[in-house]
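Same chain, two partners: chain A is paired with chain B first, then with chain C.
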Partner chain A sequence: MSTFWRNHRHWMAPTLFIMPGALLFAVVIILASAQTIWVSFFDWDGVGAKQWVGLANYAQLLDDPQFHVSLKNNLIWLAMFMLAPPLGLALALLLNQPIRGMRVMKSLFFVPLVLASVTVGVVFTWVYDPTFGLLSLIFSSFGATAPALLSDEHFVTFAVVVAALWPQVAFCLVLFLAGLNNLSEDLIGAGRVDGARGWPMLIHVILPQLREVSFIALAVTVIGALRSFDMVAVMTSGGPFGSSTVLAYQMYEQSIFSYRFGYGAAIATVLFVIMAVFIAWYLHTLLKPEREGV
Partner chain B sequence: MYPRPLADDAPFRRFAYTSMVVLILALWLVPLMAVMATSLRSFEEVMAGNYWGWPKSFNFIENYMAVFTQTAMARYFLNSLIVTLPSVFGVLVLSTLTGYVLSRYRFRGASLMFALFVGGNFLPAQIMMIPVRDLMVSIGLYDTYYALIVFHVAFQTGFATLFMRNFIAALPDELFQAARAEGASPWQTLWHVVLPLIRPALAALAILTFTFVWNDYFWAIVLTQSDAVKPVTAGLNNLRGEWVSAWNLVAAATILVAIPPVVMFFLMQRHFIAGLTVGAVKG
Partner chain C sequence: MASNDMIKLVTRAPASRRQFLIGAGTALAGMTLGAPAIAQSKELTIISNIGNASQREVLQRIASAYEKESGVKVAINNMDHEAHKTAIRSYLVVGAPDICFWFSGNRMKAFVQRELFDDISDLFARENYKSVLGPAAGAVTVDGRQYGLPLGGLLWGLFYRKDVFEEKGWTPPKRLEDLLTLGEKAKSAGMIPVSMGTKEMWPAAGWFDHMNLRINGLDKHMALMDGKMSYTDPAMLPVFDKWAELINAGLFSPNGTSFGWEQAAAALAQKKAAMMDLAGFIKYGFPESQQDQIAFAPFPEIIQGMARYEDFALNSIHVPKNAKNKENARDFLAYFYKPDNLAAFLETESAVPPRNDCPPSKDPLVNAAVESLKTVEGSAQYYDRDTDPDMAQEGLKGFQEFMAKPDRRDQILERLETTRKRIFKA
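Let's look at the complex of A and B:
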């Protein structure tokens, strides 16, 4: 081993260790993302020369009714996804009982979480099928006809979000069960001595201790809602008549099917800016203890 | 414990409670159970419209054999394995290295680098779609296994770095001081001190990464095109279009896609949950 290496390995070794991961991540994830923002200022069909158009893509977005539909649907996703943390918490409270067989039942409740979103999409497409679906079965048992949810432009997004909530609630359930396992027995005992029960107990004694878990559940839910793509692609392809598109899907469609890469990049950039707010909020909270600690 | 545990001496209440949970669980899993049942039905039964009732006949072997022999599902399944396993390995290696450095060395920009790893992992896939696709086309990897492997390794390294960094940071300082006192090089410290202690973390990370990569749909359709490379998720969606009325076969294929992650989950549930809640336990 050369002296040079021995004298310098205290900094060269860590540099060599971190390089492969850092370089790969920097090129494929960070640089690529930055490049998309750059592409959004061009008119580009993906093959030929790029033509600088400045903010024209963004100006066009403002007048694009499809973009408004996507934005509105992203808002619906976001609002409805807010149901996932409370539902996950409710399920966690239900399941956090030392009863025989509860462990197995908990595991079974987690299953939707590990399913591919394509699987969830296929499963729920059948649930919603207007002739043979579970929904039509339920409706016809009341003598009614089931609405064709996935081909009705007023219901379609709600139907897709309900399907997407299935794994998301399971995710929140996992987080809250872990949180309930870390509660302080002393505080609970003190609460019980003071006669706290029911809602006051939950709100004043339990929830404050679940703050960190709730924050993570909320953050992953918000980010999951904004990132939604798979379910829309699998269940509706954005239809009928583009009524269920979200920004992520519209971007894909514009780029891959319409060869409008610059325009697609502009949509991706808008989505990125919206999400960056939430990512920054998440990072800020996640890294706060470290900044104070150092 | 919260909520207050049910009393041991109230057997009826315990029974009623358990029954309620079982009922809710049944409702929770109805869609999945129906797909499992349908994957056993005969084609005649499907044509007759029995999708949600108890199967009239059990065609387990016929249906699943048909999926393997009459559709490209076996190919897709193999493709997914070929993409997923090396990706998991790559992520484990790279994130052990990055996590080790970020947790045990102080240098300027370390926090920024860490924030980029974590933040980058939350970006929407679409923000990097065009350049990543371009990159893969220009270096000739588009529509090969390597395109997916390279992308997944890069992307998952973000979350995995957060994971490994937190785990290695929680190891006792004395170990590292002792290693330094013995004159161990950084590499020796990593190999002989860190690696034996992080096996549980590697297991958790392996199963999480496996699930994420196996379940990916977006990059499967963006970076591949031909059946020879296409992973199961994209394959299943194709199958659905080709075999519109053969619900029993599509159901069997759907179950096949779900089996690897579900089995992994049940085998290593503790690791899986510890992995998912890593941020919650120690930020």
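Let's look at the complex of A and C:
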């Protein structure tokens, strides 16, 4: 036994350690994804018999006005979420000053990260409430009436994204603060000797060192934007009349409320493909330096 | 996060059942030690979707009394009302309780067709329910067999505050023109004429039901629900035209899509609105001391001479096909369905008892509904209970949109018609 172990432990130990994670990943992620894609070729109500329909679900998606609205909203989410990394960086630079009481400030900025996103959603729903919300109080102090943001089909998605941005910015802030702590003092000192200050210092000395952190912040933000679901569910349930629905929410609605698992699976597959494109780019960028032996 | 939430939704039922099993297992072990002979299959699980605390209490009380009488251990698992609507689909297939709550009519039929509810015609025959139920039995009957017991009936109509109407000298509208006049009076008194919160969408569909039943009658309404009539049929146009007239007259709450029915009911309770379209459970929106001010009025007449048809929705209780203790379940149902127990259970939600031998209610809202039902010539249940669930989802969304943007009528009807064709393969 012990000789067997000695001869083979160089590969058995890592295998055993990886096994639980790999098994879980295989069952929960890979198997589930494969099954979802498989289901998307069927007409299925989730309980009864499945009926093969080929690509009919996808053909129907193209004609579904709701799908176009969801896709457009996902793009709005993606575009607006791109504000999170720069805002997080700006805040991190601001909070990274060695001033007394800055720690308290930092922890205050972390707060949205501590709150469950459902809580954030509910709080913002109250803020936006046209009768008693904070927004309407601000508007009425100027003598104006606040727009009912969550009832307006044009504003509603933006209003939801703003709420979702709050914790997302805080998250980027944390990443950048950690990155700023790891800056090389030598490089900054050398820069200072060469006369770099202000912008040139930030752009040529600091930012290059934050490249990896920025990359992670960007990746997390993109994924956060694409998988948006909870805020939509809590704040608007996709409404009014579906105008704030995103792909993830439409998938949920179709599968659970309309008993159309096949159609919901088709939406999930489209979302999966969009994410896969991004993840491929992410892995490519991540693995490149590794492969080059850096 | 998305997938997490969904997993939570789907697994909630099995999880609570597992907890029950652990509990029941312990109890069973205890019983086995004491009296091995009766230990087997003397247990019963119920999944309840009751949100109202006092009604939950009544159910618990009935269950405890039954426990004492029969020696069967009853465990009630309470679930959130909305979450239950999704969880039932998984627990009926895997991990079914012995008894569960649901909605009669088309929503029950969806599970009957998939063979997930047990045929309890034997219980019906044994207890001779048909003789005491009357028309309510039809709501739980599919092809001549019964698949559940009807619970409380909710009669939908307009509600208002007696004190407000008395003070202003208003009377509940008899005809649609009266509703418009009353609307003008309410607006000049600084009130919203009809409180309506459509965030959860269904309240708008209730209004559609009223309008369609008043204008086109029950047969055409049911044809539409069954997918046999087109949404672009010319008969639909007057319904939406009249409705648009009400919307454009500013009859409904502004920004109605931002809040749900609770907030809308609160507006009525706080005298900010004159009327609201709902059923007896509107009293949950009122403080207990003011509940005696609530009064009921049927939806106004639109076409003279049209017989009175109303939405009368019946909840129901069922034995899942995959239940483990079907005999105990029947036994419990028979106990639960005794007139006194049933009446006590329904009293808390101001629902109309389906049995005609229940003791008379002390609740004025129930009595008003019972009185009003005497002149009703036929009833539907409610849009999302009468039509296919998939159709209902699109329909609710369409009606919500129509209330916000009445000028999009044609687009909305066109979309609903496409959905109808897809679902009913018409």
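Heads up, the rule we're going with is that the second predicted complex is superposed on the first by the 263 of 294 C-alpha atoms of A that agree within 3 Å, B and C clash if a C-alpha of one lies under 4 Å from a C-alpha of the other, contacts with A are read in each partner's own complex, and residues count from 1 in each chain.
By definition in this document, a residue touches a chain if its C-beta (ideal position, glycine included) is under 8 Å from a C-beta of that chain, and two chains touch if they have at least 3 such contacts.
Source: prediction; values computed, not measured.
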Query raised in the report: Now for A:24: first (chain B), second (chain C), both, or neither, which partner does it touch?
Result: first
Query raised in the report: Regarding the shared-chain residue A:233, is it in contact with chain B (first), chain C (second), both, or neither?
Result: both
Report task. Tell me which partner A:117 touches in the superposition: chain B (first), chain C (second), both or neither. Result -> both
**Report entry** Which superposed partner A:130 touches (first chain B, second chain C, both, neither)
**Finding:** second
**Report entry** Dominant toucher of chain A (residue count), chain B or chain C
**Finding:** B
Query raised in the report: Can A:155 be said to touch chain B (first), chain C (second), both, or neither?
Result: neither
**Report entry** Touching partner for A:259 - first (chain B), second (chain C), both, neither
**Finding:** second
Query raised in the report: Of the partners chain B and chain C, which touch A:139 in the superposed model: first, second, both, neither?
Result: neither
Query raised in the report: Touching A:65 in the superposition: chain B (first), chain C (second), both, neither?
Result: second
Report task. Could you say whether A:283 touches chain B, chain C, both of them, or neither, answering first, second, both or neither? Result -> first
Report summary line: chain A positions within both the chain B interface and the chain C interface are 46, 117, 227, 229-230, 233, 248, 252, 256
Report task. In the complex, go through chain B and note every residue touching chain A. Result -> 1-6, 14, 17-18, 21-22, 24-25, 28-32, 34-35, 38, 49, 51-52, 94-95, 97-98, 100-102, 104-105, 107, 111, 113-120, 122-132, 135, 150-151, 153-155, 157-158, 161, 185-187, 190, 211, 214-215, 217-218, 221-222, 232-234, 236-237, 240, 247, 250, 254, 257-258, 261-262, 264-266, 269, 272-273, 276-277, 279-281, 283
Requested in this report: Report the residues of chain A in contact with chain C in the complex, numbered from low to high.
Outcome: 45-48, 60, 65, 117, 128-130, 148, 150-151, 153, 227, 229-230, 233, 237, 239-242, 248, 252-253, 256-260
Query raised in the report: Quick one: in the complex, what on chain C touches chain A?
Result: 1-2, 5-6, 9, 86, 89, 92-93, 110, 113-114, 116, 198-201, 254-259, 389-390, 393-394, 397-398, 400-401, 404, 415, 422
Report summary line: Per the touch rule above, chain A residues touching chain B in the complex are 9-11, 13-14, 17-18, 20-22, 24-33, 35-36, 39, 46, 93-102, 105, 107-112, 114-119, 122-124, 126-127, 131-134, 137, 166, 171, 174-175, 178-180, 182-183, 185, 188, 192, 201, 206, 212-213, 216, 223, 226-227, 229-230, 233-234, 247-248, 251-252, 255-256, 261, 264-265, 267-269, 271-272, 275, 278-280, 282-283, 285-287, 289-291
